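What follows is a pair of complexes built around chain A, which joins chain B in one and chain C in the other.
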Partner chain A sequence: MSDFITSIKENNSIVIIETNGYLNNVGGEAVSAVVYEKMAQGQTKFLINMAATKIVNSIGVSILIEIIEKLQEVNGKIGYYNLAPIVAKTFNIMGLTKYSTVYETEEAAVNDL
Partner chain B sequence: MASEFNINDLQLKYLELETLLDITNELNSFDQISVLLQEILVKSCGVLNASSGLILIEDDNSDVLHIGADFNIDISVLKGLIFNKRKGIISEINESRKARNIEIEDDSFLSKTQCKFGLIAPFLDKKNLVGVIILFDKESRLGLSPFHDADANMLSAIATQASVAYNNIKLIENIKEAKTFNDNVMQSIVTGVFTTNLMGEINHINRAAIAIINLDKENVLGNHYEYVFESNEYITQLITKCELESVTISESQILLECNGKSTTVNISVSPLMNDSNEPIGSVVAMEDLSNLDKLKSTFKKYVSKQIVDQLLENDEMLNLGGQEQEATILFSDIRGFTSMSETMAPNEVVETLNDYFNLMIEIIFKYNGTLDKIIGDALMVIYGAPNSTEQDTENAVLTAIEMQEKLIQFNQDRIINLKQPIKIGIGINRGKVISGNIGSKQQMNFTVIGDSVNLASRLCSVAAADEIIVSGAVWKKVKYLKSFKSKKLTPVKVKGKVKPIEIKEIQYNRPEFQYELAYEKIEQFLLLNLPQQYTYHTIDHVRDVVIQSERIAKKEKIDKSIIQDIKLAAWLHDVGYIWEPQRHEARGAEYATAILNEMKFPKSKISLITGMIMATKIPQSPKNHYEQIICDADLDYLGRDDYDTNSNNLLQEIELVKKLTPKEWLQIQEKFLKAHSYFTTTTQKLRNQNKNIVLNKIQQQLKNK
Partner chain C sequence: MKKPSVELRLPILPNMELIATQTAEVISRHMNLTEDQGAEISMALIEACINAFEHSKAENNVFINFLIEDDSLIIKVIDQGIGFDKTKVEIPKIENKIGKDERKRGWGLQLIQELMDSVEFESNNEGTTVTMKKNIKQ
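Presenting the complex of A and B:
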């Protein structure tokens, strides 16, 4: 597990990934590695806790889009919670929120996903 | 589907603009440079897809930049490196002042980051480089790449905004720092300082001023100076004058009354001007003189005012060390004080010594002596050190004479109050001494030491009570002065000297019994001690008897020298009421004998005084003309117009012991008046007629009862 991923847990068949730091090329690749590995094991629902990620760049966003594309192929879903305002804004501008959902809390996410 | 997910350039531009807008909006909300720099760096990296970044910012007063913020980079590799504005890539950006792409490997320092591509933009303060922002390795899905020209424009725009914010925070920090500095300076200075604005309201005040004004800071700040200094019209006038005329005014030794506290201050009021030289208020500085006053006052307990002023003007005099010089040393000692004090209560011993020392030290300072030590009941005084004058020895002798003379008066008071008189012996010597501040730095005393000092002490031991013994060296210095007389004494052998020492006794005026002084002291004694409940035997009655005695004696052609004895007896005739009203004449006679003996009153005349006191006992029994006079004076009021007042006072006093009916009182008065006769022709002529009228009136009243 890279430094960017601080924990991976499951709640109600949802894989919850906790990140820390810059969601850029490196951070994005770390997330995608975990997601693809879990997908290979049959998991289709993912939730990212971004409380410790205060900045994201477009490369990180583009990797998340790639993940969404892969998940759509298996009717999977991904969501995010604990987003910093600048991260939420970036997700919004970059169109990410059209294909995935930002939640307020883990509970809300688990109930919806 | 895939095209739906592509991030197009428009979105990226939109993100860049939003980020720039965010930065612009947020920049002014930061009040710490470190937070500002971190935020700029993080957002710049995010929006320009940089994998990491650094901000280098200037050190104050040097060309060196330090790391102000870092993002996603291991800065330990840069530790210890000096980024100089005049070297490498930073030097180039310092000259061009424009953002540009850089090859990291070209820079020996930045290449340690292992990054490949860089984008650098300057932070400027006006035209000066204050820092740089460096982004590393632009990310793409294909890997790391150089930044684009558009990225340079974007970073340049961010850096421009950031520079403004940075300079603002820096300015605020500088202002805060200057304010803190000014506040600290203001608070630390011992001079009280406050400022007023154009409205006359106090807007700044330091701790020292608050202490002087003696009000809480909250009650001072924001209030008009006329309110704060309402009891100090003069101060408000000074500030008003400064406001109106824009002039600096200084005044010394102004008494400030604030909230029940009086402080003497030196005050200075100056106009406060802005950059355009327009008045914006006043600044008032107050120097509290209390401590200086306290210092002087404490110091003056030991040395004369003259020496205090010299020491305050020249603190070199306070240096430790010593010098050999000529000085005159006076020692005085109370004779028999130890045995005297054994019969006294401890507080009485202290009170007596304090009264005595107060009197003596006043004389010492009058003649510029320096009180070196008080050793028990003894005094050591220096003349001629630290500063010598031609009059040192003369001053010492004058001090000794005045000490003895003043002590006579002092003792009159003690004798009247039935206290033992204080007798002192004084010894004076002159010679070489070592003078200086002797002791440690924590505690030092100015003193003199040496053989001459020891001899002065020995001479003091030789002196009997009331004597002033001086050495030959002293007499040699003062013998030409006509005001001094001496008596040669047999040379004495003193401890520590092989040869006997030649000594002289200084003669001084030892006045005989001083009647006026005695009258004054007895009057004070009666005033303080006659029982308050008495309405007849009061100080007023005694004063009346004194006046009538003198008047009758003069009319009876009594010699002046005897008149003063008659007056003395009159002053003393009722003193026994203080202790034993029933036998007050006898008690008064005993008291008179005791004090007159001590006061050098001629022994042959003491019985004259006691005889007069005893003669006033009712029924009066005068044995001589003088006793007749005092007897008539004592009952003079019987034939006077103020008879009723006096008799009423007497009735009130009698009724303290026994209640009388009006008739009983009339009967007592009738009996007394009928039995009484004046003895002197003077009083018979003056008072008999009126006395008979009084008697008839009383008898008439009795008939009506």
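Presenting the complex of A and C:
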């Protein structure tokens, strides 16, 4: 597992990926590798816990857009929680919030997704 | 009296933009900027550095100047690359990227403009200077 991903777990058939550090191209590709592997196993719902990711760049976030696109093909969904304010603002500016959801907590995310 | 300034010279290597953000964080604290303002400056700086590293095709260093004014922080990101024509840069929209063949990247300028109070671009075939300003909110 990449250093960027500190844990992968499941809750109510949702794959929850916990990240750590800078979401750049390397971090984004680490997340996409996990998502695509789990999609190949039939999983369609994903959450990213970004509590330990305080900084991102647009290349890393663009990889999340690619993931959203792939998930649309299987009626899948992705959401995020524990976002730093600047990460939430970046997601909003780039439009991710039109195609995926930011939650306050894991519980809220698992109940809704 | 001359205003204080900080100058950085960054080699074009992976993640060097984080050196610029660390400097920006120290300056933001010195200027008593809010945490949100500091984070916005860092994010804009990351994007300006990535543009300079990746798109300018500069082979040398990227220079960053922080100018500490009484009522604002001005940051100049300077490369000696091939330059670009801002009028030819399309404003990205996710609707035009999702489910289409279009590349998903190309958000840097949009983010910089949204996160800073003013942004100016000077560019020619000898390089680009991006001048970003964040006003201090009292």
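The rule we apply is simple: the second predicted complex is superposed on the first by the 113 of 113 C-alpha atoms of A that agree within 3 Å, B and C clash if a C-alpha of one lies under 4 Å from a C-alpha of the other, contacts with A are read in each partner's own complex, and residues count from 1 in each chain.
As a working rule, contacts are C-beta pairs under 8 Å (C-beta built on N, C-alpha and C of every residue); 3 or more make two chains touch, one makes a residue touch a chain.
Given the structure is predicted, the values throughout are model-derived calculations rather than measurements.
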item	value
Which superposed partner A:Thr6 touches (first chain B, second chain C, both, neither)	neither
First, second, both or neither for A:Gly21, with chain B first and chain C second	first
Contacts of A:Ala84 with chain B and chain C, given as first, second, both or neither	second
First, second, both or neither for A:Ser62, with chain B first and chain C second	both
Which superposed partner A:Thr44 touches (first chain B, second chain C, both, neither)	neither
Doubly contacted chain A residues - partners chain C and chain B	22, 24, 55-59, 61-63, 65, 68-69, 86, 89-90, 93-95, 99
Residue numbers on chain B that touch chain A, as the complex places them	1-2, 5, 7, 11-12, 14-15, 18, 22, 42-43, 45-51, 71-72, 139-141
Of chain A, residues touching chain C in the complex	22, 24, 55-59, 61-63, 65-66, 68-69, 72, 84-86, 89-90, 93-96, 98-99
Contacting residues of chain A [partner chain B, same complex]	21-22, 24-26, 54-59, 61-63, 65, 68-69, 86, 89-90, 93-95, 99
Residues on chain C engaged by chain A in the complex (per definition of touch)	15, 17-18, 21, 36, 39-40, 42-43, 46-47, 50, 92-95, 97-99, 104-105, 107-108, 110-111, 114-115
